[in-house]
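So, here come the structures, one by one.
Same chain, two partners: chain A is paired with chain B first, then with chain C.
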Partner chain A sequence: MHDLTPITALGGSAARVDSVGDVTLTEVPDVALASVAARRGHEGVCAQTLESVLGTAAPSPGHAAEGAEYAAFWTGPDQWMLSADFNGYEDIAARIKSEVGDTASVTEQTDAWVCFDLVGPHINAVLELLCNVDLAGFQTGRATRTSIHHLGCYVISTDAGQSVRILGPRASAGSLHHAIITVMASAL
Partner chain B sequence: MIINHPLLGPRDSAEFVYLGAAALMDRPDPETASAEDWHDYAYLRDNPAGPHRELWFHEGGDRSILIVTRDTTTHEITGVELAREVASK
Partner chain C sequence: MTQKNRLNGGQIDRDTTLNFTFDGKQYAGHPGDTLASALLANNVRLMGRSFKYHRPRGPLSAGSEEPNAIVELRSGARQEPNTRATTAELFDGLSATSQNRWPSLAFDAMAINDRLSNFLTAGFYYKTFMWPAAFWEKIYEPIIRKAAGLGSLSMRADPDTYDKGFRHCDLLIIGAGPAGLNAALTAGRAGAQVILADEDFRMGGRLNAETYPIADMSGADWAAQTVAELATLSNVRLMPRTTVIGAFDHGIYGAVERVSDHLATPAAGKPRQILWRIYAKQTLLCAGATERPIAFDNNDRPGIMLAASMRAYANRWAATPSHRVAIFTNNDDGHRTAHDLQGKGVKIAAVIDTRQDAPRSYDYEVLQGAQVVDTKGRLGLTFVEVNQVDGSTRTVECGALGVSGGWNPNVHLTCHQRGRPTWDENLAAFVPGGTLPSGMNVAGAANGDFSTHGALKSGANAARKALGLKGRAPAVPEAEDAPGTQTPFWYVEGCSRAWLDQQNDVTVKDVKLSHQEGFRSVEHLKRYTTLGMATDQGKTSNIGGLAIMAELAGKSIPEVGTTIFRPPYTPTAIGVLAGRMRGKEFHPTRLTPSHVWAKERGAVFVEVGNWLRAQWFPLPGETHWRQSVDREVTATRASVGVCDCTTLGKIDVQGSDAATFLNTVYCNGFAKLAVGKTRYGLMLREDGIAMDDGTAARLAEDQFVVTTTTANAGRVYQHMEFVRQCLMPEADVQLISTTEAWAQYAVAGPNSRRLLQKIVDPDHDISNEGFPFMACANITVCGGLRARLFRISFSGELAFEIAVPSRYGDALMRRLMAEGEEFDVTPYGTEALGVMRIEKGHAAGNELNGTTTALNLGMGRMVSKAKDSIGSQLSERPGLNEADALMQVGLRPLSAEDKVTAGGHLMKASGPVDAAHDQGYVTSAAYSPTLGHMIGLGFLKDGGNRMGETLRLVSPVTDLTVEVEVVSAHFVDPEGERVRA
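== the complex of A and B ==
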């Protein structure tokens, strides 16, 4: 039996937390992720299944939704990313696949992404320097893909002007973290 | 230049990758096409001074491919459609 030590995306044994002024960037390691892409001709059934899984309608373009067990955000036409607490949902892809069956293709995404929560009263000052998201229209529940530091990242507004979740490519976790804290130091 | 994405609203053209003329969607049938059909498909393009239907891939966004009607002399965009919807018509 291997004796492996779990580490976070940034390589630590505990989640990294950085604060500048009253804005805090927190690494969130306990997120299970799976992408769902509806297969052609089954888009309607897939969306209905996701609605029953989420307990709320599958998010429309540019939006995110939160259910009791799972949260989801829209990633493309008839495509979504689902997330859940890693503790208890480590097998998220198999769970979702058993629900959607042949109506959708499900891909495990858990270790493909690094997740950060950026929280504080002045996060828009950070975001407007980081990416080209239209912040005036970035209300709670909006989600979009954008470029941060030349990395394709998802940005989800969890509390407009107060809190966002950023998902970036895990292999570039250090670069993304560096970019965000550099901008925090500059903007705040 | 701003492209008005049918699903996501106005987006900066820097998020997109240009994929060429929309005529590329009309690929010859591999079962029946002649060598000349493939030559025409691969190499022959109209080069209009004026409205031009072209493919733009939303690489920095939702990765959908759009058909943008753009005036090549002014960059004015007069139409944006999802290529998947045009293809399924």
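== the complex of A and C ==
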């Protein structure tokens, strides 16, 4: 077991939590991520393997899916991002690669992203000032790539109108965090 | 002062008094008032001075079309010029100042311009300031600029914040008058996602300004009741105080919501305004109509206003500009004003109607077939001169004159994509026509349905059509349905100083002059006279100018055509266009994994793109950056240094065709690169020019990690995706960026291996034999953490780059510093990095400057002829391969004290210094602490064959001439022994 102490994307030793009214933004460092892209000619097998890994069909465009161990969202044609609890799945890329073998390319993405959960009854008022997502149609299980504060982000609806997960580029975690909490104060 | 001109009724809250000042004087108004209505209620008609002639002006209108009553609102940093008093919502403590006058509004010295009006005609500047030409820039322009412009800026930073947001809907309804409200009701009840936006703070449009009923209640009550019902519908979003400023492509609309403009200051954390981007599947424009004035001599005195606006002030705001008013009209609408004001106890001096068959009234005198020919009153209207139908002249005493020349549909947003409105003969007005923005429909007065009934009906029908609703249309509530026919009456015959564009001071005479001087196109008329070019964009003036121009040219108005309407519909604060992207938040910032640690160490940071990188790490006692940088270089070359190089782009390239793919994007070969090896690679653009360089490390048969320069990381990734998707769609290759996933540090210097051996887990052999130069491997560090190690060197020393997942980057850097203490490990920044790469002769962004080729860079032989790669064919163009092509060389000053500067050009040791004799230029320069003098890299014609030659490095701009010797670009360790040690 190595002895290096991690820091969060925002540079702290513990996850940052900010609340405005009854909406809370929580930094979620304990997310392991791996991208999966089907290799050419192996798209079908790859999707089938992912289905068995997830326990549900690999998500279609604009969607996310949640299994017992792993969750996934669609990122491109025959491409997905898989996630799991960092504690226990830090080696997510190796685990997934051992499942999909040569049918897919797997890349560790855990620390490429900062992850925030935005939770509360009025999150749509916050989201509409952040990103161009049609919130009326953004039902639970929808996922989209969008731009927040000029940063390419993923937004996943985990409970429509109540909870979203936002993944943004890790190096810009501070800017993204600033943008979200500023808008929380503005909208709420 | 009491509100002398306050009438009864109105939609104001009389229980609350709001105190405000205008030009320092205290007044009182009520919630519901605008600044203009409150001033009128306080018997203030004079609110501004005109742009050119500084003529006294009062409000012409009661809405956003206002050209005259524009003021500076608020004070200090929040001072905003050119605010329309007619739309500024009154709040307690509001302070407004008149503008464009000196020393005071009542006495304006610049009004002398009015006396000089015979000279200051259209085109005055063009004709007058022609000569001498040299005077233009230094004398004329500064004077004109000083005199021009309306309001003044505070010259202080805007203390308010602005947001941007996005909303989506099935139906966007622009305007909440009778048409818009009934459309929203229809669409809302049908369950559609509806946005109803209105620029006013009170929805209802003209219904709030009129007295006639809808069904069995007043129009205003019907509007309030409808708004109340809409507010209960969760699928309907009401957006008052929101101006839709532009219609853009694909059903996208810009809208500015004035969140806090009705407050003294925005609440903490709240924006002043929000710029919404609205995505609408369908749009219904219900923007209403604007009343048009009639031009007659001296028609611009305070107290002269549009008749329907006068009626709005009376009915909605219970305010009148005077207790004795006259009306000048060519249609029945003017009579409505007379009727309503009479009902509120205002004395109607006369209704002057151009029509000989104008309706008579028992309540007030109607002068049939009469025309107002002149007016009197220096700072406000006192009398109007009327030519009666029998040719006699009559003077009518009045403090205000309501003018009505008919109505123009507000077609502006239908034209934002170059649509041209069409002329409706029956209405004598332009109505929406041609190609509308996709998904847009128009209803109500904006479409020429001027009656209340027509607006209600067309609003409901258009909503049903837009949403494809079937079934029986709901009944339209009963309302007035007066015919909309209009007979044009643009101006009074023989008038001259009759104002068309009151904001830019354009008169009938100016339009005639421009025609006389040969300006035939309506676009030329506009620019020559400035008609319609003020902040109101000619909402009340354009049509009058067109009509006169048409008459002079003997054409019809539609033949003359209109100028193009462009966004924004009304003046828009620049701040709201910027939103949150200002100051430090202008762009997002990227921080490296060692940022927190570097900050603790007191690093000086530099912006590299969005990244903040440590530039150097000053130690106590170091007073100049060179001291820090020289120390960092020397310490690294002497023992070991560490530099965060996370910012270099990292792209994971996988797939069975990964090697083939890299063989295509790099000009040099990668197919045969062994697993566990790294290779320097150069990418060319299609045109053969060098694009970017970096390394590709083969971690597995089917996996490479490609690095790019920091600056080009995004562009290279984009380029590679393009190649993958478009040029090699059959290849099995997958790409993903991992730049931010891994914290990557260069560990350089003769002791770098010894330091890393304390970090890297012992089962990984990193000896020179086990891990030679250009090796790469997946390893573990610090007791099992997955990591990557590359034996590559930018500094020219024995060096490695080590990468761990970013969250451990901070800890790894601290560990390297702790474990490196015995080697005097030194963190180094981008400056030392730059010095060392110049000393080693490595090309960087300065050399890969978009004009250089592999040949120029001394890497011509790297372009493989054994395969095809992007840019390889065009790199063989003769023009890129001339005998004296530029070659990268090193430059050393003959005198060690001399400066070598980047950007300087190279000339032969003697001879002329000019472009014709240019030998090349210097791209990079630095002080080399290793050599003890400055050095440079540059491109020199036929440089490879000119070693030892003395040249002059010149910079005429900085008056520099230095003698330099051409040397190898590899100043340090030219044989490359260190990197292989």
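Rule of thumb we're sticking to: the second predicted complex is superposed on the first by the 184 of 188 C-alpha atoms of A that agree within 3 Å, B and C clash if a C-alpha of one lies under 4 Å from a C-alpha of the other, contacts with A are read in each partner's own complex, and residues count from 1 in each chain.
Operating definition for what follows: a contact is a pair of C-beta atoms (placed from the backbone, for glycine too) under 8 Å apart; a residue touches a chain by one contact, two chains touch by 3 or more.
Everything numeric in this text was worked out from a predicted model, so none of it was measured.
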If you stack the two complexes on chain A, which partner ends up touching A:T56: first (chain B), second (chain C), both, or neither?
neither
Original post:
Is A:T182 touching the first partner chain B, the second partner chain C, both, or neither of them?
Top reply: second
In this superposition, the partner of chain A with more touched residues, chain B or chain C, is C
| query | In the superposed arrangement, which partner chain does A:Q162 touch: chain B (first), chain C (second), both, or neither? | reply | neither
(request) Would you check which partner chain A:T26 touches, where first means chain B only, second means chain C only, and both and neither mean what they say? (result) neither
I'd like to know which partner A:N132 touches here: chain B for first, chain C for second, both or neither.
both
Check: chain A residues flagged as touching chain B and also chain C 79, 132, 134, 137
Residue positions on chain A within touch of chain B in the complex are 61-62, 74-77, 79, 132, 134, 137, 144-147, 152
As the complex stands, chain C meets chain A at residues 161, 163-168, 193, 268-271, 274, 277, 279, 580-581, 585, 587-592, 595-596, 610-611, 646, 652, 654-657, 702-703, 730-732, 734, 736-743, 780-786, 804-808, 810-812, 815
Within their complex, chain A touches chain C through residues 1-9, 11, 29, 35, 37, 39-41, 79, 91, 102, 105, 107-113, 128-129, 131-137, 149-151, 169-176, 178-179, 182-183, 185-186
Listed in rising order, the residues of chain B that touch chain A in the complex are 7-10, 12, 14-15, 59-64, 82, 84
